[in-house]
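Here the structure comes first, spelled out in structure tokens, and everything after it is commentary.
First chain written, first letter: the chains are A, B, C and D, and each begins at residue 1.
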Amino acid sequence: MKNTFLSVAVVALLSICMSSPAKAEVKKVDHAISETEVLDAQQDWCNALIDISTTYAEDGHAEAKALAEEIIDSAYGYQLGTVLFKPTLTTEPQTFRTTSRGALSYFVGGDDNFPDDSGFALNDWNKCEPENAAIFIAGNTASTIGKVHFTDVDGDTTSVDKSWVFLKDDTGQLRIMLHHSSLEYDGQ
Amino acid sequence: MKNTFLSVAVVALLSICMSSPAKAEVKKVDHAISETEVLDAQQDWCNALIDISTTYAEDGHAEAKALAEEIIDSAYGYQLGTVLFKPTLTTEPQTFRTTSRGALSYFVGGDDNFPDDSGFALNDWNKCEPENAAIFIAGNTASTIGKVHFTDVDGDTTSVDKSWVFLKDDTGQLRIMLHHSSLEYDGQ
Amino acid sequence: MKNTFLSVAVVALLSICMSSPAKAEVKKVDHAISETEVLDAQQDWCNALIDISTTYAEDGHAEAKALAEEIIDSAYGYQLGTVLFKPTLTTEPQTFRTTSRGALSYFVGGDDNFPDDSGFALNDWNKCEPENAAIFIAGNTASTIGKVHFTDVDGDTTSVDKSWVFLKDDTGQLRIMLHHSSLEYDGQ
Amino acid sequence: MKNTFLSVAVVALLSICMSSPAKAEVKKVDHAISETEVLDAQQDWCNALIDISTTYAEDGHAEAKALAEEIIDSAYGYQLGTVLFKPTLTTEPQTFRTTSRGALSYFVGGDDNFPDDSGFALNDWNKCEPENAAIFIAGNTASTIGKVHFTDVDGDTTSVDKSWVFLKDDTGQLRIMLHHSSLEYDGQ
């Protein structure tokens, strides 16, 4: 029986060697976005919000602002030129935050140029859940629409309607190019 | 002088013939979206809304509904699978209109399956103006964010925050794949 | 201990039921190309060539031509406007086959407009193997470069250098938009 | 008359002020490729070849190699992972140059790892003309197929069949991601 096993193993090895004569590795560049990457990018955004919120509670505003700056730099596409960002709670003439400074102010406030911003990420959030209604993967960009549910440390929940467009950049990282967030219509 | 002119003309013709030996036309397929195409698609959406509104006022609901159906079929991408559509005035659990039937109901109402829809296009609109804050052309898709200003026959104006993602389809036509519309935040 | 286990299980089940209250299906449109789809499209091209060759041997030229016409219609993108096709064995001024008629003639010959075409698919092929050197997936298009090895019924093998660009069309099908095939350089 | 002029100027200024109430500039990111950009990128490739050839003749191999390195870095997409490059005159097992080192060796030779490369760019070229048969712009990528005609300082011309796929990178620059070049089939 031992011999039989060895024979089978040898034949298997031979057949592997003969059918794969040292083929060169296929080189690949892949700019397509998968659904998993989209879901991960959404969850990353949620996790980042909780991180900023927790950092603010534990380490103060300066630390939270530094973290927010870092996150905006890596998760959004401002360095590509602009981002199409309509945060939930902004008003004219500063509704759209097409610069990273405007985005930073929305998340952590404290910028005299944006006097109405109190800092959305500073609201004691401890849970953030995306819930997609629909996804459109165009290729190297992907669009999503749905709800995001925020829960603060007191257990109070806020839901918003949210659209995102993600771009896979040259390094393979997903970046937010469009972000439209709005309060739910109250039906009145 | 006449002779000189003729000589020059003959040389010119010869040089044309010799330098351009019946070059074949370059065949082209272009799926890239230009900014002009984006602006035209936005204006087309606005014009369609006014058309439906006017048709309703002049010819009644059945005509307006037929026109809306036609417009949704040609301007949106429902036949590609779905559209990421969050209209301005919808509520849970029918916030997102991922089917053409849901879109039709939003614009002209009268569908028992969507009892809260009164028909957004039936509000006597006679002016509709897009105002972009930012545009991201990814290639064969383009995203926009900004305001759309609606004026009705009484001169009353409503402004909404609006994001669109357009896809250039295989026939070269732009189709709306994402449409997120929301009332302006009242700052409260 | 058994009871404890049961209690834990019941709590777990309850928490699953309560946290997932009949979530609506997420609607999806996906125009991104996966590597698997690229490899399948290459193999489909190979299989189609063998099919045409076999059909010619068994059923004659008319059947082979009809099959080739069908395959070109479904595998290439001529109906999108043109295809960037440089077959292996074409010469000036008919090197590039930017029309489906030119492609058909290359594969099965018999067209007086392309007198040099003898029909590449009619050469008794019975094996066709793509071997990629590199793949670039841009999103809704993908490019490949490498060898294709053809073996005829006598066991003779021909290898060519081949590039393809595939497009995922609106229906989700991959279509060849560029096809450049060339004999191996003989080093002289 | 002076008064009239002033009145006109005032009215003009007023009308400018009233009709353009300080509209914010629309921010833009455009990753779509235009036909002009494609043609420019092809011509850039040709000009680069002539530059390397001229530098070799005037300044020697080291200078030509340094220039070629710089050009490959900026014109090809090797830093994105790989390039699908099949030069005109390469043979197995080094047909495909998926690394920048392999591309550099093809253009200027002198690399022991690629012993068959004599340096294509060192052949006294002084003219290089692309001639497209067809172009497919997919969005942020574009494919071309056609001839490139090379003329050396003695007036001898060589024509090759050439396919390119260009990608517009995150900085807006076109980079070659696929390059398939082949000698014309001699019809034998």
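Operating definition for what follows: a residue touches a chain if its C-beta (ideal position, glycine included) is under 8 Å from a C-beta of that chain, and two chains touch if they have at least 3 such contacts.
What you see is a predicted model; the values in this text were computed from it and never measured.
Of all residue numbers seen at the chain C-chain D contact, over half occur in both copies; the interface is built from largely matching residues. Set against one another, B-D and B-C show the most C-beta pairs in contact at B-D. Chain centres here are Cα means. That of chain C falls 28 Å from that of chain D. Chain centres here are Cα means. That of chain B falls 34 Å from that of chain D.
Taking each chain's centre as the average of its CA atoms, chain B and chain C sit 34 Å apart.
Across the assembly, chain A contributes residues 24, 27-29, 82, 98, 133-136, 138-141, 146, 177 that each touch 2 or more other chains.
Those residues of chain A whose C-beta lies close enough to touch chain B in the complex are 82-86, 88-92, 95-96, 98, 116, 133-136, 138-141, 143-147, 161, 163, 165, 167, 177-178, 180, 182-187. Across the complex, chain C meets chain B through its residues 24, 27-29, 77, 80-82, 93, 98, 139-140, 169-170, 177.
Every residue of chain C that touches chain A in the complex is listed here, in rising order: 23-24, 26-35, 131-142, 146, 168.
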